[in-house]
Amino acid sequence: KDDVVSKKDEVGIVNGLAWTSVGGEMLEVEVAVVPGTGKIEVTGNLGTVMQESAKAAVTFVRSRAQTLDIDPMFYKDNDLHIHFPEAAVPKDGPSAGVTITTALVSALTEAPVRHDVAMTGEVTLRGRVLPIGGLREKTMAAYRAGIKTIVIPKENEPDLQDIEPVVRETLRFVPAAHMDTVMETAIDFSKRPEKRKKSARGPVARRTDAPAAPVVQ
Amino acid sequence: KDDVVSKKDEVGIVNGLAWTSVGGEMLEVEVAVVPGTGKIEVTGNLGTVMQESAKAAVTFVRSRAQTLDIDPMFYKDNDLHIHFPEAAVPKDGPSAGVTITTALVSALTEAPVRHDVAMTGEVTLRGRVLPIGGLREKTMAAYRAGIKTIVIPKENEPDLQDIEPVVRETLRFVPAAHMDTVMETAIDFSKRPEKRKKSARGPVARRTDAPAAPVVQ
Amino acid sequence: KDDVVSKKDEVGIVNGLAWTSVGGEMLEVEVAVVPGTGKIEVTGNLGTVMQESAKAAVTFVRSRAQTLDIDPMFYKDNDLHIHFPEAAVPKDGPSAGVTITTALVSALTEAPVRHDVAMTGEVTLRGRVLPIGGLREKTMAAYRAGIKTIVIPKENEPDLQDIEPVVRETLRFVPAAHMDTVMETAIDFSKRPEKRKKSARGPVARRTDAPAAPVVQ
Amino acid sequence: KDDVVSKKDEVGIVNGLAWTSVGGEMLEVEVAVVPGTGKIEVTGNLGTVMQESAKAAVTFVRSRAQTLDIDPMFYKDNDLHIHFPEAAVPKDGPSAGVTITTALVSALTEAPVRHDVAMTGEVTLRGRVLPIGGLREKTMAAYRAGIKTIVIPKENEPDLQDIEPVVRETLRFVPAAHMDTVMETAIDFSKRPEKRKKSARGPVARRTDAPAAPVVQ
Amino acid sequence: KDDVVSKKDEVGIVNGLAWTSVGGEMLEVEVAVVPGTGKIEVTGNLGTVMQESAKAAVTFVRSRAQTLDIDPMFYKDNDLHIHFPEAAVPKDGPSAGVTITTALVSALTEAPVRHDVAMTGEVTLRGRVLPIGGLREKTMAAYRAGIKTIVIPKENEPDLQDIEPVVRETLRFVPAAHMDTVMETAIDFSKRPEKRKKSARGPVARRTDAPAAPVVQ
Amino acid sequence: KDDVVSKKDEVGIVNGLAWTSVGGEMLEVEVAVVPGTGKIEVTGNLGTVMQESAKAAVTFVRSRAQTLDIDPMFYKDNDLHIHFPEAAVPKDGPSAGVTITTALVSALTEAPVRHDVAMTGEVTLRGRVLPIGGLREKTMAAYRAGIKTIVIPKENEPDLQDIEPVVRETLRFVPAAHMDTVMETAIDFSKRPEKRKKSARGPVARRTDAPAAPVVQ
């Protein structure tokens, strides 16, 4: 049964992309922030590498709390829950790092995520985006699900020459070397609720990649 | 020995449905809320996927505490215990998500659960209901036990054409895309004790599926 | 070496019944309540299902603290230790649920347990008693040890026709659908120390099975 | 290399007896009580059954704190360490229960343990002493090490007819059904330091077995 | 795909060197310090020996807090996260000890790490640098990535005679017997932000190896 | 590569001796004491028996805090880290007990350890030194590394007749039945810093073995 992309932008839900032995797969992540005491729950039948991705994502967001205008004490007064639905399927690997990070930032800022954007990429503590495998299969799954824009690691740009022509012509590809590019592309910060904005500064400022643009090959 | 449905509505007990290699099975879940310090116990010989289902259910309920008119601090002043009886039988999989969630909401609101309703479906942090397997066997087990209404995931509607004619003609099927539909169908909020109602607003309001109705095939 | 039943009623010690590959076996449980900080210790070479039985028993007792006239804060100011002697023998399964629950209630109320009563049955969070296996072997072990009364799950009544005639004629059988019947049969609440009684209400009141009576087959 | 018994009475050190595939073995236990925060450490290459024995011993001592005139808060202001030397040898089984309990009581009362007494027996939360195996080999090891008195479980008395005549004639055997007999035999309460005695009452009073006496066979 | 060295000095990021069955590999470590409660997270698909290296590194840095002019309470008011990117690759062994230590010191002092320095070596609690294996492969990987200076354990100096001539002629080798030499070589303390300097004393003073100098062979 | 003994006395570093399948080996232990909250870290690729040795060593030192004139609250206001370098090599067994204990006492008193002393022996909670295996190989390794004095368990004295004549003639052997002898031999208490001395009493007083002296065979 093919995945179909959600029809509206939502807070804390991001379209990821997975590679399996039978092809690519859309893989959503959900993040919920509830009043709590600083616990972090990570669920969805994940292997240890993917659980560690979630930890790296949380540390990156905490280290950027000020820049993103998020309450720097959020990690103490809330519980975070990162969940991958379709829990019957075991999942592993580091390539959901950008997806988890984007969902965390959306949930903490309450700015919605664009529903027609999908993404893949490992993320480091500094927000660098590292290359991943299975790009051909992942982009095909995104295309079939109705995705319009895919964020990929900048180091994977050369691999775009191997993907299906119809996919390459239909989708917009945004190569990203850093999370800032990913967040700008996927999160609609203009819809962030007023009450959460604590400073005049824009939410993502320092260290930005070149302006996101369609890939020309 | 066939399962027989309970004869009265009870608080915190919900009829789930399981698939086993020898057919369908009724699988109840019990939730108890006792004064405590915020611990969550999950028992009944469960595999890790089912334990994660319980965690996702708890986060969904916590994120909906205000809408459901539940004390938002319940998670701090109480211990929750989610238990699956018939503990000799190992259990696993995500399809008891809606059952656990319904039992949690009933236990926390003290509104009873309709004894002639059974249900199956994976649940996400946002309360979305995802499709499950084994619908034919599960509905047969519900029919034999005397169930009147079954809540199924909306994405499983096409599978209803494969179930036994006698089951399809006797039971009412409620397809649900979101927990709101599940709770409306299974919980008798009119019997919620007065003292627990803190606002005039109804307990389940935002984001509702289309009105629950018998499936016509 | 055959088990011989204790000659006097004691607080917190209950006669359970186990099934092994070489026949039935008396299996006592001891519960100690000592001033502490809310820790629960469960020992005696138990498998995970039996450890979960103990957790379900504790939650049931906590949910009934008021009805049983037990200090509702007992779980915070005491440590509970549930121990199965004969620790060299591995033990597992849910059928000691009623035994553990009875020992907990006796230890917390300081009312002694009748020394000539034995019991078997799974217990749920609501105190429902569920059916078990090996009734023939278990009743034979109780008979050999000098037991007078056996509490069995109500759903196991039909299995009484398969037990040894001499056992059936000598012992009194009390079928129980709920823990209230088990506690009434096994615990001598009349010997509960005065200082612990905080209200005039009897200790076990709500939701009772039909009066306990010898099984007639 | 044969074990040789210590030449003086010490606080918190007790002679246990173990059975191994190559015969009996003396097995000492040491207990240290140091100012702390309530932690319990159990070391010496022990299997889980033996670790549980230690937990049961601690609970028994805590439940008898008042009778033994031990500060009832000792479990909060001290750390207990139970250690079995000769840590290269894996050890398991419940028969060191009486040894651990005796060492705990000696360490907490500062009353020394008689150096020429050895013991074996499982202990329950109520201090009952349960039968053990390997009595023939264990008594032989005690005899070779120079032990004068052996405490054995009362239910093992019939097994004394199988032990070596020279052992039976040389050693004094004290059958015990309860820890009170074990403690009276092994601990020299007359040497308990004055400052720790808080009441006039003797340290071991309630529930005593018949006076300890040499076994006559 | 060959590793390429970063083009600028960064805080908390250090170039390590790993040996794999297919040759040497650049292996970066990232350390993030975020306001917190003293938790230490170590991620990146690490085996237990490498996780223990991280613990030893943290203790060394804590023991040198005063000398390094780091707030001695940093371990209480912050959470430390040590992460190895390229998380799909399992990593183990003690030779990243100097790399982790350097990254910790850089992150805590906010002094940047020279981007053209790489290093390998086990570290002890006292900061001693112990010898490692695979020097030939590691230095080749550093050479290919554009590294200018490599810090190696002093005890590995004799192994330099086995490395590729082109590598030996191009790179500067700094043999280190203690972490002080490693830190002096890799961290640019002159760029440490003023506000963090609490005393006039230089950051690394006691116990220094001989001045770092190119290896002459 | 042969081990070479350190050239100066250091605080918290002690020369241990290990037996491996290819002969004896010098095995240092390092102990660091840093301001903290009472945590104990034990690292260096250790098996469970060796980890338990470390726990026994800590309890012995805590029980002797007063005699050794160590702040009895040290275990609350500091974190202890016990580390065995050369972390790539798995290590196990109880014979490093005396080494760990000596390193702990040196680190807590800040009195240095004599660099030309090595030791081997199991230690108990009371500080008794128990016999070990592999004495021939261990003494050979110490001899080759330049050690002058070896502390061995008193019960191993008879095994000295099996060691290499050159080793027996060159090294001084100190047989110890108790930790007091070990500490007197290895720790230079005369160099203990003044500020840490809180009483006039010498640091090691009670229960001493006969004066340490060269073994005559």
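Going by the order they are written in, the chains are A, B, C, D, E and F; count residues from 1 in each one.
Simple rule for what comes next: contacts are C-beta pairs under 8 Å (C-beta built on N, C-alpha and C of every residue); 3 or more make two chains touch, one makes a residue touch a chain.
Everything numeric here is computed off the predicted structure, so don't read it as measured data.
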Least step count from subunit B to subunit E, where 1 means the two chains touch: 2
Same-residue or different-residue interface between subunit D and subunit F, half as cut-off: different
Of all other chains, the one whose Cα centre sits farthest from subunit E: C
Rotation in the CA alignment of subunit A with subunit F, degrees, nearest 5: 120
Chain located farthest away, centre of subunit A as origin (C-alpha): D
Centre distance in Å when subunit C and subunit E are each reduced to the mean of their C-alpha atoms: 61
Interchain centroid distance [CA atoms averaged], subunit B/subunit C, Å: 31
Inter-chain centre distance, subunit C versus subunit F - centres from mean C-alpha coordinates, in Å: 53
Per-residue overlap in subunit D, given as positions that touch at least 2 other chains: none
Round-the-ring chain order [start: subunit D; next: subunit F]: D, F, E, A, B, C
Complex contact set, residues of subunit F against subunit E: 1, 10, 12-13, 30-32, 34-37, 41, 43-45, 79, 81, 83, 85-88
Subunit C partner contacts - residues on subunit D that touch it in the complex: 38, 48-49, 52-53, 55-56, 59-60, 62-63, 72, 75-76, 93-94, 122, 124-126, 128, 130-131, 155
